[in-house]
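Going in written order, the chains are labelled A, B, C and D, and every chain counts its residues from 1.
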Amino acid sequence: MEETPSAAPKRELALVSHATYVKEKALRYLFFACAFLAVVTVILIFAFTTYSAFPVFTDIGLANFFSLTWAPSEGEYGIVSLLAGSGLVTVGALVMGVPLGVGTAVYLVEIASDRVRKIISPAVDLLAGIPSIIYGFFGMVIIRPFVAQISDGLGFGALTAWFVLAIMIVPTITTLTMDALNSIPMGIREASYAMGATKWQTIYKVVLPAAKLGIVDAIVLGMGRAIGETMAVLMVVGNAPVIPSSIASPISTLTSQIALDMSYSSGLHRSALFGMGVVLFIISATLVGIVRLISKKRR
Amino acid sequence: MSVYQSAPTPESSAIIAKDFDFWYGDFHALTGLDVNIARNKITAFIGPSGCGKSTFLRCMNRMNDLIEGTHVSGSMSLDGNNIYAPGVDPVDLRRRVGMIFQQPNPFPKSIYENVAFGPRLQGVTSKSDLDDIVEESLKRANLWKEVSNQLSKDGLALSGGQQQRLCIARVLAVQPDVLLMDEPCSAIDPTSVQKVEDLMAELAPEMTIIIVTHSMQQAARISDYTAFFLQEVAGEPATLIEYGQTDAIFTSPMDRRTEDYITGRFG
Amino acid sequence: MRPSCCPGSYAVSRRSFLACVAAGLMLPLTGCQTSSSSSKQITVAGSTTCLPIAESAAEGYQDETGISVLVSGLGSSAGIEAVANGTADIASSSRQVNADEQKLGLTEIVIAHDGIAVIVNTDNPVQNLSTDQLRDIYAGKITNWSQVGGDDLTIQLVNRDEASGTREAFKSIVMDGAFFDRRAAVLSGTGQVRDVVSRSVGAIGYISLGFVESKFAETAVRAISVNHVEPSEKTIASGGYPISRDLYFYVKGTPTPEAQAYIDYVTSDKMDSIVRDAGFIPVTDDESAGE
Amino acid sequence: MADQSTQTDELTSRERIKRALSHGKAGRISKDTSNKVMLGVFRAAAYITTLVLVAIIAYVVINGLPHISPDFIFGWPEGVNAEGGIWPTIVSTIYVTALAMLICTPIAVLAAVYLAEYAKQGRLVNIIRYAADALASVPSIVMGLFGYALFVEAMGLGLSMLSAAMSLALLMLPIVMRTTEEAIRAVPRYIRWGAYGLGATKWQVVSKIVLPSAFGRIATGIVLAIGRAIGETAVVLYTMGQAINMPITPLDSGRPMTVHLYLLANDGINMNAAYGTALLLMIIILAFNLFSRYLSRRSR
């Protein structure tokens, strides 16, 4: 039946008016713009801080910028001692925070009874929300005097910062590790128990290896938070921009030095601070890159 | 009040349950079970879903202990000693009583590591011993020809049927005396079902096999003895209705409820 | 994002949520205590040391004239920079303008005298230090109390942050060109320096004389004499005590009438008790007018 | 191995496994003790964590509670060491957080709508996701620097609520984006197909069907982000100024509670006010987090 009313059906189909079609298109671009804003912001942050830090490349010179001594009043803008400070503080925080965080998560997911889990895990969740300024305050008022007692120093320094940062990143690492452990199907644990494995053997032979990548994610994010922390570190670290003689003597870090000097710095000193901001930005962006690589492997 | 048709004698039984009751917290799940499981034979548990047949199976390797608040009464003995006696460590029990689950659950490790898991638990460390055990177990699970050249491949990358046979190989690697199978074939493709059933027939002479199954044809096909469980009233504990040789149960059931079930009138 | 149809069960959570956001917004607009912020608001930025004087004066001035004074304490250098680029009317500073700040052509007004007391832990036997010894200590050349007649204890240096005028004054009077030891702990608050020194026997720090005895803190520190001169209101006013400095207001060009009125208020006798309360030595009327 | 000897092979293979198994030697420490010890270690870790975190809260509550009084909450700081209340700092905190959320929420929700509904999962979407993650992990001091350089100086907004709010909004953007996207994806497909079936345009489906039913979880994400924004210090330290002031217009500066706590703690003189501020801050944030848990439970 070859002849069909070819023209007619086409007309009826144009029910949606041209205006709505344009509106839909416009909305689509609006939404895209909102989503793309995140990209624009990241680029803007990098561009702006680098622009403000430009004198580092021209006047200060990278050699001076990556030298050891930080003494703006004497024209020395070396950030290596601050980088070392940040590294020392972060590594120490991870050494204390990771076992505690992962241990707590394993306990809550694998070992704790339902009643205990219902009490502790929401508590840890809530405590992940406590702002770092309160951890810094607690560190300054309790931990610093305590460290001052046990060491002959003033109580400022890497050791105090470790306690504060470890306490701060434990809730983050715990919640993320719990997510990783919960993503392991129960069947695998049952299979292990059915093979006559004890709970501990099931944990370290089956569950932890299976959740390994998720736990690495949690640790890297915890590290990101420790490196990026400013106020808590500023209040307990002592702000001495040197390589410390002991873990109980004052040191300084990138973030705390920026926060300390920002209000009164000017000229080259300010550009050096922005330079440090760029370094911090690059470190945090690389950490995110590592996490995304891991999550790709996990899938 | 259970009906028995030429059920196995205690002497010829590997597992003997006497007046066995089971509770999930205060929910009374199973009551008055007196069952003798024949040694080195295949016993099938059938019954409508929720009649406690899986729960009873999981009591035999005390997997239910993992669930909080469960407790039992009466006795269940394996080769003469009561497995619920105070001194018994469920971990040791589970090393002699292997279990296969409804959903194939190989470890997210290589095929080799999956099978070597059990022996490593029992302290086998030398590579040559492990290689031997892995090869022999995979052969006995009729999986060796399909995976012999890719032992380092991830266990999860296998097909459903292959994964289930890998789980069986993993259990065989520790030479259990008893093999519990909780609806092993309900989640795998038909051709693999056939392979698993043939495998069970091969293993039967050396170990006691108990299989929980939904399909009565499977029970009739492969089992020597069949037990029919039923929860007559919702909320009341389930119990054993009839237990005996498979062909007797399926051709001439003595209890009307068994007859109704196997003729498909309910459940 | 106007959700038009709202199926029953979500209505409650949405209403409670919108109520919470609305409440958050309404609060600031009906803030009960807002005095009428007339356009003639004065901004005072600068030294943390002057903060107490500037803030209490602001309250007194605000009660009298109704003009609100905005006081922030980011450090003397920040204040001077703010008044230079016009973001603040008055800069408070606990140090004199340095070389390149003088080019800004700011007029200087002394609002109080202040002695910088060198404080040590009460258990530290050292009673006196000369300015030279102080310089070598803070430059890191002397590192043990036994070198200055104390016990065998490493000296724990406590320094102020570079934004603080107290540090600038200490640096110009005592250090005289030498650089501070960079291993010293740098603290950005007077009270914290005091608290830290009171807890460590080997610690040494410097704060305004007024903060040595604080009615707030239970902890105790002891001010030592410098070149055998005890820091007191008398020795500071007479200039005998070597480490003393004045507190200043700086303005750019001629201040606005309100700003000038506020400055006169600060240097008036009404403020003397508050200045003393804050631990400084008030300026007598003729003195401030003279400079 | 030849077929006809499978029977003997069968035995030998079983025996071979039995022989190999017999070589297994018991470990140095028995499996039970190692099991008990390690479970104890994990339990200890959990108890230490809980203990430390409860100690912090208890310490702040014990020291802060005596100073919480109506005039502490609604009074103005006076005198040399900010005795009296912290009302202006509370208002500043609420003001800047509300402003930040007003800026951030529409953008974040619409961005999430794009990612969940409109975007085809190509390279571009990956870049957007990576940027959102990078934005979420930017150290707060760097966001503060950026806010200072862009909003305070370049755009000439000066130290004000607006500069601080915009910096905070950028920090909150990824959090609200992620939770909103998850909320939208959680809306079952068949709900959308019903509406498409009736000839609704994409935006009609999104605005009339998807967003309303995902509203509970979106609200949860927003409330969570508010809780995070209230606790921020480094971002607002240099974008909001530090003068104690009651902000009215968005261009007014002010001192938020977090900066007030920092300055009080640093001055180390009026510690009572510091404890009081810390406790109030914690109460507000825990209230928001509990509210978001309540919302997420109701909407599931």
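The definition used in the following text is that a residue touches a chain if its C-beta (ideal position, glycine included) is under 8 Å from a C-beta of that chain, and two chains touch if they have at least 3 such contacts.
Treat the numbers as computed from the prediction; the structure is a model and nothing was measured.
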- [ ] Determine the set of chains touching subunit A that also touch subunit B.
- [x] D
TODO: Could you pull out the chain whose C-alpha mean position is farthest off from that of subunit D?
DONE: B
Task: Interface with more contacting C-beta pairs, comparing B-D to A-D - done: A-D
Task: Centroid spacing, where centroids are CA-atom means, of subunit B and subunit C in whole angstrom - done: 79
TODO: Starting from the mean Cα coordinates of subunit B and subunit D, work out the distance between those two points in Å.
DONE: 47
- [ ] Take the average of all CA coordinates in subunit A, do the same for subunit D, and state the distance between these two points in whole angstrom.
- [x] 12
Task: CA centroid of subunit A to CA centroid of subunit C, Å - done: 35
Task: Residues of subunit B engaged with two or more neighbouring chains - done: 91, 122, 174
Task: Of all residues in subunit C, the ones touching two or more other chains - done: 74, 187-188
- [ ] Enumerate the residues of subunit A that touch no fewer than two other chains.
- [x] 198, 201, 263
Open item on the list: Which label fits the chain touch graph of this model best, line, ring, star, complete or other?
Closed with: other
Open item on the list: So which chains actually touch one another? I want all the pairs, not just one.
Closed with: A-B, A-C, A-D, B-D, C-D
Task: Residues of subunit B that touch subunit D when the two form their complex - done: 89, 91, 119, 122-126, 129-130, 132-133, 136-137, 139-140, 172-175, 206
Task: Interface residues, subunit A side, partner subunit D - complex - done: 15-16, 20, 23-24, 27-28, 30-32, 34-39, 41-42, 44-45, 48-49, 52, 99-101, 103-104, 106-108, 110-112, 120, 122-127, 129-138, 140-142, 167, 170-171, 174, 198-201, 203-204, 221, 224, 227-231, 235, 255, 258-259, 262-263, 273-274, 277, 280-281, 284-285, 287-289, 291-292
Task: Interface residues, subunit C side, partner subunit A - complex - done: 74-75, 77-78, 81, 153-154, 156, 158, 161-163, 179, 182-188, 196, 199-200, 202-203
TODO: Enumerate the contact residues on subunit D facing subunit B in the complex.
DONE: 13-14, 16-18, 20-21, 23-27, 31-32
Open item on the list: Going by the contact rule set out above, which residues of subunit A touch subunit C in the complex?
Closed with: 69-74, 145, 148-149, 152-156, 238-242, 244-245, 249-250, 252, 260-261, 263-264, 266
